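Below: one structure in structure tokens.
All chains are identified by letter, namely A, B and C, in their written order; residue positions are counted from 1 within each chain.
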Amino acid sequence: MRALLLRDLRLALRAGGGFGLALAFFLIVVVLVPFSVGPQTALLSVIAPGILWLGALLACLLSLDRLLALDFEDGTLDLMVTAPLPLEAALSVKALAHWLTTGLPLVLVAPVLGLMLNFAPGGYVWLVASLALGTPALSVIGTFGAALTVGIKRGGLLLSLLVLPLYVPTLIFGAEAARRGAAGLDATTPLLLLAGITLATIACMPFASATVLRMGLR
Amino acid sequence: MELHVTDLNLARAGVPVLTGVSFALQPGKALILRGPNGAGKTTLLRTIAGLQDALSGHITGAEDRIAYAGHADGLKAMLSVSENLTFWAQVFGQRSIVDALAAYALEPLAERFAGTLSAGQKRRLGLARLLVTGRPLWVLDEPTVSLDAQAVAMFADAVRAHLAGGGAALIATHIDLGLDAEVFDISPFRATTNTRAGASDEAFL
Amino acid sequence: MSIWSYANPVKFLALSARVQPALWGAAALCVSVGLIWGFFGTPDDARQGSTVKIIYLHVPAALMAINAWFMMLVASLIWLIRRHHVSALAAKAAAPVGAIMTLIALFTGAVWGQPMWGTWWAWDPRLTSFLILFLFYLGYIALWEAVEDPDTAADLTSVLCLVGSVFAVLSRYAVNFWSQGLHQGTSVPVATGGRTVADVFFYPLVVSMLGFGLLFIALVFYRTGTEISLRRAAALRARADRGL
């Protein structure tokens, strides 16, 4: 399992586009927002939690395409099925690698981008906490979507259509936590619900992902 | 442990393709699979490897004992030759890749990125992967594609060494590898238009 | 003869041909009676005037939108466990019908709310949940279309339906949580659902709901028959290609 994790991390680093792409996209989204809604700081401050969450979510979505499709094309997935590693574990590791190369950098960069959107100073802790708790769920759910579309040519758009509705609960609780934190309110409830969703998906989704992956490889 | 295939019925895209396939493969032996293109050799090999399900029949002696090599090499272009092999060695729980590199004369290429190799070199690397799996039963689908005569000889030597060590090999190939192996022709097992084997399409006919 | 004998596609087609005329007739009758009675035979509401009568379209459509997904869930489970093709194709057939029902529910919900909210759309929890359901329907239909092998498509869409159902329920609660931020006055009185509605409104509603239910069943029979015939044509073509 560790071998798979290290391999995926190494590939993400070398393939140029692993770390950087998601961060760059996040930045671009945040930069485009004032152009589309106007530069009034009061307005930006209100929508900042939502925009940061939405930007992080879309950036995670971008890199899902590559998660399994590359392995499918070069035959690695077939070989993984025959390997001693259970497919559920392999997919969990791939989701972890995805989070480490996409979700985690987004979490770390979010406060900086929050500055640009006049995010309320007192809420940074809640923002980072909500993203840290929520982005793993995005990776795990995204892995399910990637497994579902693994054999489909140009399945990227379909992947988005399938995964985005599944992201709604995480987005709602995550953004709500960030919003309440920014407003100085107690954000524990949405944060706990968010954590609950993340833990449940981490525990259960790999089984669904492995099932559909085997179906798609036949 | 022997590989036993009994009365296997296989389908491809809802249509029966092979029926009643039966054979046995003992340790130390190799079996060459022959048959026209499209007859179902790939389907048969993939089913034995566990990638697909058969419609009916039994396969014993295959669980966790197979190293499969299909048409794609399973290589990562952005990893070096030794990194690729080390990865598979770790996944399959083995340690050393030195013997695998030596068997296919890959030492001079060890630090090259797999993406920069020629087709023949990539195939040699893909076959070298079999040696780091430590698995006794090799299931190979057209392994000699892209290999020149010298590389084919390397491959044949590797298979002989594997068999001598108690392993077995099931190989679909058109080429005469010079191995002392039985030939299994799947043509007699091909499904006809009227075969009823429980394939998906039959429910609608 | 148990219901499972209709898992045979050919037998199902025969059954479908027999029951469809009655189903369509009954559906047409109930829908028209329900709607006409509801629109013209009931008094106007004290508060909402005549716009409340849109519930005779809205409530049955919303009900069927959810029931359709539930039927797809059961059909998907039957496919995954017992591999009955008719079941998988029935789920495939039901999806667009369910999607249209969801659209009708959304549209009529908006029309209903407009006089009260002053806007054609508000992010009311009920309507928002239906919007999310519509997205699930779209994804399901899209996946069927995207996968070439019909058996693999049936497998993948079945699992998607299962996973989607869990997330749809989760979303329902999440949306309720999310909309607490809205001021109370904007919730659409859809929650009536018949229980607090007076009898004079209730009976035409029941007839209308029955009509929509029969309409759904008739449509699913019809569309499943089409799917079976398409699959049969493909199988015959494949057999012809092979034999020659």
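Here is the rule we use: a residue touches a chain if its C-beta (ideal position, glycine included) is under 8 Å from a C-beta of that chain, and two chains touch if they have at least 3 such contacts.
Worth saying up front: this structure is predicted, and the values here are computed from it rather than measured.
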Original post:
Count the touching C-beta pairs: is A-C or B-C ahead?
Top reply: A-C
Original post:
Farthest from subunit C in C-alpha centre terms, which chain would that be?
Top reply: B
Original post:
Chain with the smallest distance from its CA centroid to the overall CA centroid?
Top reply: A
Original post:
Per the centroid of Cα atoms for each chain, what is the distance between subunit A and subunit B, given in Å?
Top reply: 37
Subject >> Separation of mean Cα positions, subunit C and subunit A [Å, integer] >> reply: 32
**OP:** Between subunit B and subunit C, tell me the centre distance in angstrom, where each centre is the average of that chain's C-alpha atoms.
**Re:** 48
**OP:** Give me the residues of subunit A that touch two or more other chains.
**Re:** 218
Subject >> Per-residue overlap in subunit C, given as positions that touch at least 2 other chains >> reply: 149
Subject >> subunit B - residues contacting subunit A, complex >> reply: 49-53, 64, 66-68, 70-79, 83, 86-88, 90-93, 129
Subject >> subunit C residues touching subunit A - in the complex, by the definition given at the top >> reply: 132, 135-136, 138-139, 142-143, 146-147, 149, 152, 155-156, 159-160, 162-164, 167, 170-171, 173-175, 177-178
Original post:
How about subunit A: which of its residues touch subunit C in the complex?
Top reply: 144, 148-149, 151-152, 155, 158, 161-162, 164-166, 168-169, 172-173, 176, 190, 193, 197, 205, 208, 211-212, 215-216, 218
Original post:
Where on subunit B is subunit C touching in the complex?
Top reply: 13-15, 192-193, 200-205
Original post:
subunit B touches which residues of subunit C in the complex?
Top reply: 8-9, 85, 149-151, 228, 231-232, 234-236, 238-239, 242-243
